[in-house]
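I have placed the structure first, in the form of structure tokens, so that the comments after it can refer back to it.
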Amino acid sequence: MTPPGPLAPWYDFRDLSNAVERLLSWLSDIGPDWLVYVVSAVIGGTAIFLFVAATAVANIWVERRVVARIQVRRGPNRAGPWGLLQPIADMTKLMQKEALLPRAGDPVVFLLAPILAFGPALLVWGVFPFGKGMTFVDLNVGVLYIIAVTSVTTIVLFMAGWSSNNKYSLLGAIRVIAMLLSYEVPLVLALLGVVLFAGTMSLSGIVAWQHDMRIWLFLVQPLAFVIYFICATAEINRTPTDIAEAESEIVAGYHTEYSGIQFGLFYAVELVNAMALGAIAATLFFGGWWLFGLDRWIPGWMIFIGKVYLIYFLLIWLRGTLPRLRIDQLMAFAWKFLLPLALVNIMVGALEVLLWVEYDLSAGLVLPVFSVVNLSLAVLLVVGWMRFMAFPFHRLPSRARLVHDIPVVAPGAPAGGAA
Amino acid sequence: MTKLIPGSETAARIRAALPDAELEEAADWVVVDAPHLVAVATFLRDDPALDCRYPTAITAVDRLDHFELVYYLSSLQRNHMLILKTRALDHEAPEAPSVVPVWYGAHPQEREIYDLMGIRFSGHPFLKRIFLWEGFAGHPLRKDFLALPGGQKPGLAHFPKE
Amino acid sequence: MPELRTEPLVVNFGPQHPSTHGVFRMRVVLDGERVVDVEMAMGYLHRSMEKLAEERTYTQNIPFTDRMDYLSAMTGNLAYCLAAEKLAGIEVPERAQYLRVIFAELQRIANHGMAIGIFLNDCGAWQTPVMYMLREREKVLDLFEMTCGARLTTNYMRIGGVSFDIPEEFMPQATALVEELPDRIAEYEGLLLENEILQARARDTGILPADLAIASSVSGPVLRSTGVAWDIRKADPYCVYDRMEFDIPVGYQGDNYDRLLVRMEEMRQSVRIIRQALEQLPPGPFKTDIPLALRPPVGEAYARIESPKGELGFYLVSDGSPTPYRFHVRSPSLLNLTPLKEMTVGQTVADLVVTLGSIDINLGEVDR
Amino acid sequence: MDEPGVVAAFWVLTVTAVGSAVMVAAVRNLLHAVLFLVLSFVGVAGLYITLSADFVAVVQVLIYAGAIAVLMLFAIMLTPRAARDNADGIFWAPALVLAGLMATTIGLIATRTEWAVSDRGPFSQTASAIGEALLDPFVLPFEVASVVLVAAMIGAIVIVREE
């Protein structure tokens, strides 16, 4: 959607699309039309694939090091400087291992699952605006596209769990589906709040809206971010909601039977999905490549990736600190807590947008007011829900009773009670 | 300090309640005959003065010609302990009544004794081997398990340089 | 409405499973996520120690007791030595008694740290609590190492005393640890006990009623969590526990959370005991000379201690020969498992795992 | 519509959708059938994209491949193992006849109708157009549909409520 104008010089790496635009305009001068399409598709696809592969590899190191810091250890530090070559070592090890096939399983589905799992993880990345003009496909239903593509992952994970012919895997597969059915609803409703304000479902449109309004949607829709973050964490199976691969309960859930590089693919998909969560949150709630004017000095794609990694860090932090919830608690949380809050959020958001449009108020005035209102509403609702609807933990004792002497009944006296 | 109830006191109380139980008293323990074991155990548990609701430990000893079952019973409320013994006389196919109906805690301990000593507990709800697999030949804690030639019992008869 | 007929799913939990604490196996019948039946199967770590011990002298048997509950070797040593001393009628010098108390309580801190950490792991906390608890445990193990040269299987206690006196650098380091630990424990209490997710997971799950606990021979923290104030250190004091000032933590209703509370508070009480013992530690010999050829008189003895897992008792029968005629271990890990089925049936798989974790078994001691 | 790329995509997607739909009926394993159904849904979604109906395409993936297929999988998982096969039924012959009749009718209608060709170009923003259509001229059917869904939800709650 960038307005046509003189092309920036190719060496302007604040926006990597400059070089590509140059190349394409040169190609369109000398070659046929379809060549431009093909070349742009190849360049974009390769770039995204390389980016995803590189992050998957890098995140092995990032995740292990960060979690190690949280857990008062050092993490991998033997292979290469600061253990930087550890991902290479991990991958080499995984590739050398034999890929086992369960004898009573369903071989075709079993082998397809890890490959198919990589598809959605890769496809999601196609619509993100990495920089001002750095969008591979600028779909005008981008938000819906993301939800649709990520929901397909569930079926793939189910395929993996079911075809393994393992009871742990089956339990994991059932849990994946139960989780999706519950968490898809509040997730979509939360993102709807964002779309309401931005008035578009295109991701670059939403970023442009935040850029024009000089405000992050996170400030306007804080509740939506909280709900989205929790639901997305549940959908990509990370602690505290990793019940589909709950290690202490069902060994590894749907990928119990996978070994070698097939397991490695699932592992990579998990890392890439965590990054995708960060990318979605950064785009929709934190202004994507835009950072209050700083993007004039720092390349937009760097800002974007920086934001993604900050949110990814938040995920690692959660993983390193919180225990896991039980499945019925997770379901109850989705239906009884997140869904009502998401509905309230949409109602309030729609009301605000209506007021804004009907009375034709200036954005500079209403958006800060809405931010304050929505932020206080979010805090109020969450705290109120915790106080009145949740189990009253704070009223129960959280320290043991201390007894100094054992109460011994004298030989003559009658004994009673359980003790 | 946990008081160990002497055998004479326990025996007197049991005799008062169950006159037909055959008792044999020692300084620290009472030996009851196997047929009356469950009745005596129930009495020890329910008697308000003895109140042995906590079965501390149950084990067995191979006395070469018979098996001796040892029950360490205690009352947490009164903080005392007493020792009850009984005998499984047939060394080849020993059998004793199960006290699982009296104390649920006897469940794994009797299974353990059955597994390692081979004493069958009649009335045990789930008498299967607990550590060794079904079909393991013999019961390892018996003194004649893999018996040495010449009837020598396992263990050292004397220290090496004696 | 007709009942939805579902197929029960029989799942083998273990022996190869991340949260069965070794090689424990449960044959679990599931209805969806609900547990319908649990059948325990053990013996994968059975080494027949009771038989092996009948062919070794009394002193040679001490290393076996390390390898039963390998996470608290000191208390295993202590219980066995107490039983052998009771059988042979040996008096232990006062300094040795104090050292035994110090090391038993240090071992309790190390064991409870592991128990709490692994319990949180079973709740899905992904190793972090374990790592923090290991940090404290390492300091305890450092003290063991400087005293007896071993960290895990210490083989420290001897019949009639302990094998080594404490080295010079022990006192400052132990004092520093004792000063540091209460703050750490308070930190863990704040981090773990007040965590809502943990409370949601652990409260009201795996409830063990007090009367069932007593009838099932349950002991230790599991028994105390049901509200029964029972601690052998108070009820039947051994060594010099009667000179120590400490409290027994007691739970409320016997659920998983109460077991966690009790363990957490017990660590603090252990610190109290160690501090007093370090202050009162008298000079003198650290062991009596016992004859190398120890032949206890004919008889039998049962000695018990409050090990970190519960009541650890040794039943020894002597026939006057150099080796015990019968060597029986009353292992708390095995007996605390007795009511596992009653505690878990009707709850979910996740609760089953958490409940098993909260009982804190050690397979070395269950199977022996 | 006449570009060679679009035509190739059309044929590939059509073959995928129809072929996997046939496989749904043909394979023995019910779970495989559901997976083929998902593939068929995805093929249809691709067809929508060639028609530049991107909103409908994405919703097709989201609702059919994402939600409906998952519900089917759930239903299959709740049935006993024995019922997880496409067993031989007595209805295959009537079903085949019925399907043939349906196909013939639709084919005849499609070929015989004089289709009015709209002279406006493709939508650039289908989402907002659909939204406006739903809430302006078609608001009554929309509301009726939501009432039906609410009734279904209440019915589900009533059925599963414990006495």
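Read from first to last, the chains carry the letters A, B, C and D; within each, the first residue is number 1.
Everything below uses one rule, namely that a contact is a pair of C-beta atoms (placed from the backbone, for glycine too) under 8 Å apart; a residue touches a chain by one contact, two chains touch by 3 or more.
Please read all numbers here as calculations on a predicted model, not as lab measurements.
Trainee: From the C-alpha centres, identify the chain that is farthest from chain B.
Mentor: Of all chains, D has its centre farthest from that of chain B.
Trainee: Name the chain pair with more contacting C-beta pairs, choosing from A-B and B-C.
Mentor: Contact tally favours B-C.
Trainee: Just how far, in Å, is the C-alpha centre of chain D from the one of chain C?
Mentor: Roughly 61 Å, centre to centre.
Trainee: Would you kindly tell me how far, in whole Å, the mean C-alpha position of chain C lies from that of chain B?
Mentor: Centre separation, chain B to chain C: 25 Å.
Trainee: Approximately how many whole Å separate the CA-defined centres of chain A and chain D?
Mentor: Distance between chain centres, rounded to whole Å: 29 Å.
Trainee: At least two other chains touched by the same residue of chain C: list those residues.
Mentor: 211, 214, 228, 230, 235
Trainee: Pull out every residue in chain B that's touching 2 or more other chains.
Mentor: 76, 79 - these are the residues of chain B that touch more than one other chain.
Trainee: Give me the residue numbers in chain A that touch at least two other chains, ranges are fine.
Mentor: Correct list: 174, 406-408, 419.
Trainee: Residue numbers of chain A touching chain D in their complex, please.
Mentor: Within the complex, chain A touches chain D at residues 34, 106, 109, 139-141, 144-145, 147-149, 151-152, 154-155, 158-159, 162, 173-174, 177-178, 180-181, 184, 201.
Trainee: Which of the residues in chain B end up touching chain C in this complex?
Mentor: Going through chain B, the ones touching chain C are 1-2, 53-57, 59, 61-62, 70, 72, 76, 79, 83, 103-109, 112, 116, 129-133, 140-141, 145, 154-159, 162.
Trainee: Within their complex, state which residues of chain A touch chain C.
Mentor: 67, 70-73, 167-168, 170-171, 174, 239-240, 242-243, 246-251, 319-329, 390-391, 393, 396-408, 418-419
Trainee: In their shared complex, at which residues does chain C touch chain A?
Mentor: 9-11, 17-19, 30, 32-33, 120-128, 131-132, 135, 189, 193-201, 203, 209-211, 214, 226-231, 234-235, 247-252, 258, 261-262, 264-265, 348-351, 353, 357
Trainee: In the complex of these two chains, what residues of chain A are touching chain B?
Mentor: My answer: residues 406-409, 411, 414-415, 417, 419.
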